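Multiple structures follow.
Same chain, two partners: chain A is paired with chain B first, then with chain C.
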Partner chain A sequence: MLVANEFVARPVVGFYCVGKHVDEAEHSALRAWSIACSRRQVSMSVFMQIKDSIDEARNRLGQTARLIHGWDTYGGDPPNEMARTIAANVLTLLEAEALPPARLLPSAEGGIAISFVEGARRAEIETYNTGEVIAAIYSADDEPLVWELDDSAGAITSSIEQIRVHLAA
Partner chain B sequence: MGFRYANAPITEALIDIRVEPLPSSRLEDLKAIHDSVKDQCPEKRERFNVQGEIHVGPEVSASAQRTLIGFDFKTSDGKQIFQARLDGFTFSRLKPYGNWVELRDQARSLWSIYRAVIGGQKVIRVAVRYINQIDIPVPSLDYKDYFLTTPEISPALPQVLSGFFMQLQLPQPDFNGMLILNQTAATPPVPNTNSVILDLDVFKEAPEFASDEQVWEMLEVLRERKNKYFEGCITDKTRALFGERITY
Partner chain C sequence: MYISPPDRPEHMYRRGRAVQPEFSPWELLYFRYGVDEFVDGALAPAAIHLPQSVNRGEFSQPADVLFHPEGKYNGLGVVEFRVEEIPPTSEPGAGIPCKFFMKHLPEEDNYSHSEIWADQVPETGRFWKPGRTARAAFRIKLCRRIRAERIKIQAVKNKDQV
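Up next is the complex of A and B:
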């Protein structure tokens, strides 16, 4: 019989995965290692490439929790729990919609900026410490289009679709 | 006739056919394929092979280069991707997956377009690959309750994992092929869930096909093998997560 630790105190045969005790950076390192094991296989799979990009964004999102006031040397507030939670939800929906972001960064306005790039076309979803969510699409030739959305899955998914159409145009 | 699960965990299903590499001078021909598939795959992206080198000695230097190897053509929802490369053809279907017949027929239709462009280039590898993300709605679990193929950990070692990656390469001597099984923990989509990726890649290298008809016959064999091994990897407890079996 195998012994479970205090998190999983039930005596059964087998081994356990305790999903809630994983540091995000550690998890990402594990993914990086696993991907290195089968680089060719990863490169042939669209899903694996998306998963890798989303995991990288999640890792960066986890790192923003360590920022302190003035992180940008201009007195900026770090992203708070609300902004990070909404950003995490956005990443989950981006994964479901198969649209990985180009990068994820803390925003100088206090929040998280998730950016998309396709050639000369750009888009962003920003989640703010106030709970507001803003999406924007722009390119060198067009005026930026900016809109506010609520943090519901429906509204975020709808904005993701709008961004996809813009990037693919 | 086949069956599918109502809530199948398939996140990507793909059919991959490699050919003897074409010269880079044929890239324009591959690019022109987009004109034939623009209605169903309006998105076009270049696909690159990226190579990097790090030289470690008295001085450390690094170099990287990328080479255009083909094009990705995507449907407007991004869920179906047709890769037309110098070294082959891949058709992927992301979640939500329909069924094998749809996947095969769409792939075959696109392959015929690709084939018309590349000419009689020899097929050197065929593969069917299904990547499943199985989301188990419990905060902690015993993998052996859900999977019949798991890493075996010595009783002398701690039995609690925060992650794992397992790859098995299993020869298929009856058709001179190979199964690569990747199983790994993944980031769960929602809290209090454990996610496992079960990736089954069945392929045959160096085949001797007399015609494309034989290519598609082999793909049927690979798909049946993949189904057999998928069912062989999971327990009834896992099957229960996928809902009813629907015949088509």
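Up next is the complex of A and C:
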């Protein structure tokens, strides 16, 4: 007899015999259905995690609009409309590229910083009140790689890809 | 959570003391941070800018950076790092060469007040702001050394909540 719970504890691929009951046709169909369900659940879960991260970052970005001069207790300028607009565009592209940020923060430099972390690998995208944008990838000890980019969708998407490759390496 | 005392600690006042330009590489520096400025165990580069104010450990206690007569910094935290952990120079090829160093700039009610400065190489004797990428690389290199174990007083608030 095939029991749904028995699928749960097994690896996701392979052919299984349950007790002495071996019915390849039934087994394969059920197995395929089970795998499809699991994959859908994993996809939905990853999708929701990314969406939650982006939503949280958007929420934080909205909150930065009320910051005033000296918000960082060290005389820092608040992010202005230009920095926030570019950061919002970056979030849209991150959502499209399915790369969730670890944190969005106002930057003491005057702008918005979007951080990424994957184990010891980290990355940043910062948008500044001047309209400048930088991206950076780094690890624990090596020299950070920092580059300036323009605020076009193509340049931002290209940098997101570089960050993705760095984080996945 | 840190609660500021009503009166400024006596040791914070300058009381005519001279500028002490020399910093030991091992001297501790104290910096005020907000709870969200720690990202996955390290201070976020977004927390730092140039010039960056800190208190030098030679003449202060960690809690001094949170002192405010009206308790404005209550709930923020303090991290420490050493002078030797400040990257000494910009990387070759990252624009105009520059160096980073400590400058003791005492205030009448905060003798230990100091700043992380930058200047061109060769020196001009004034603060000089490096380019964007050099500044970003500097902030990243400093902040990745400031990990959770360097927290002296734990933050429970964000800076925009004070």
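Just a few scattered comments:
The rule we apply is simple: the second predicted complex is superposed on the first by the 124 of 169 C-alpha atoms of A that agree within 3 Å, B and C clash if a C-alpha of one lies under 4 Å from a C-alpha of the other, contacts with A are read in each partner's own complex, and residues count from 1 in each chain.
Just so it is clear, a contact is a pair of C-beta atoms (placed from the backbone, for glycine too) under 8 Å apart; a residue touches a chain by one contact, two chains touch by 3 or more.
All values reported here derive from a predicted model rather than from experimental measurement.
With both structures placed on the common chain, the touch criterion links A:Y128 to chain C but leaves chain B unconnected. Look at A:E109: by the touch rule set out above, it reaches chain C but stays clear of chain B. Residue contacts after overlaying the shared chain place A:F47 against chain B, while chain C stays out of touching range. When the shared chain is aligned, chain B comes close enough to touch A:V165, but chain C does not.
Legend: residue contacts after superposition of the two complexes on their common chain; A:A140 is shown touching chain C, with no touch to chain B. Here chain A touches chain B in the complex through residues 2-5, 7-8, 12-22, 26-27, 30, 33-34, 37-38, 41, 44-48, 51, 54-55, 58, 92, 95-99, 164-165, 168, going by the rule given at the top.
Of all the residues in chain C, the ones that touch chain A in their complex are 32, 34, 36-37, 39-40, 42, 44-49, 52-53, 72-73, 76, 91, 94, 132-133, 135-137, 139-141, 144, 159-160, 162.
Across the interface of their complex, chain A is touched by residues 11-12, 14, 16, 42-43, 74, 76-79, 81, 90, 92, 94-95, 129, 131, 139-145, 150, 153, 155, 158-165, 167, 180, 182, 184-194, 197, 199, 201 of chain B.
On the chain A side of its complex with chain C, the touching residues are 63-64, 66-67, 71-76, 102-103, 105-110, 113, 115, 117, 122, 124, 126, 128, 132, 134, 136, 138, 140, 143-144, 146-148.
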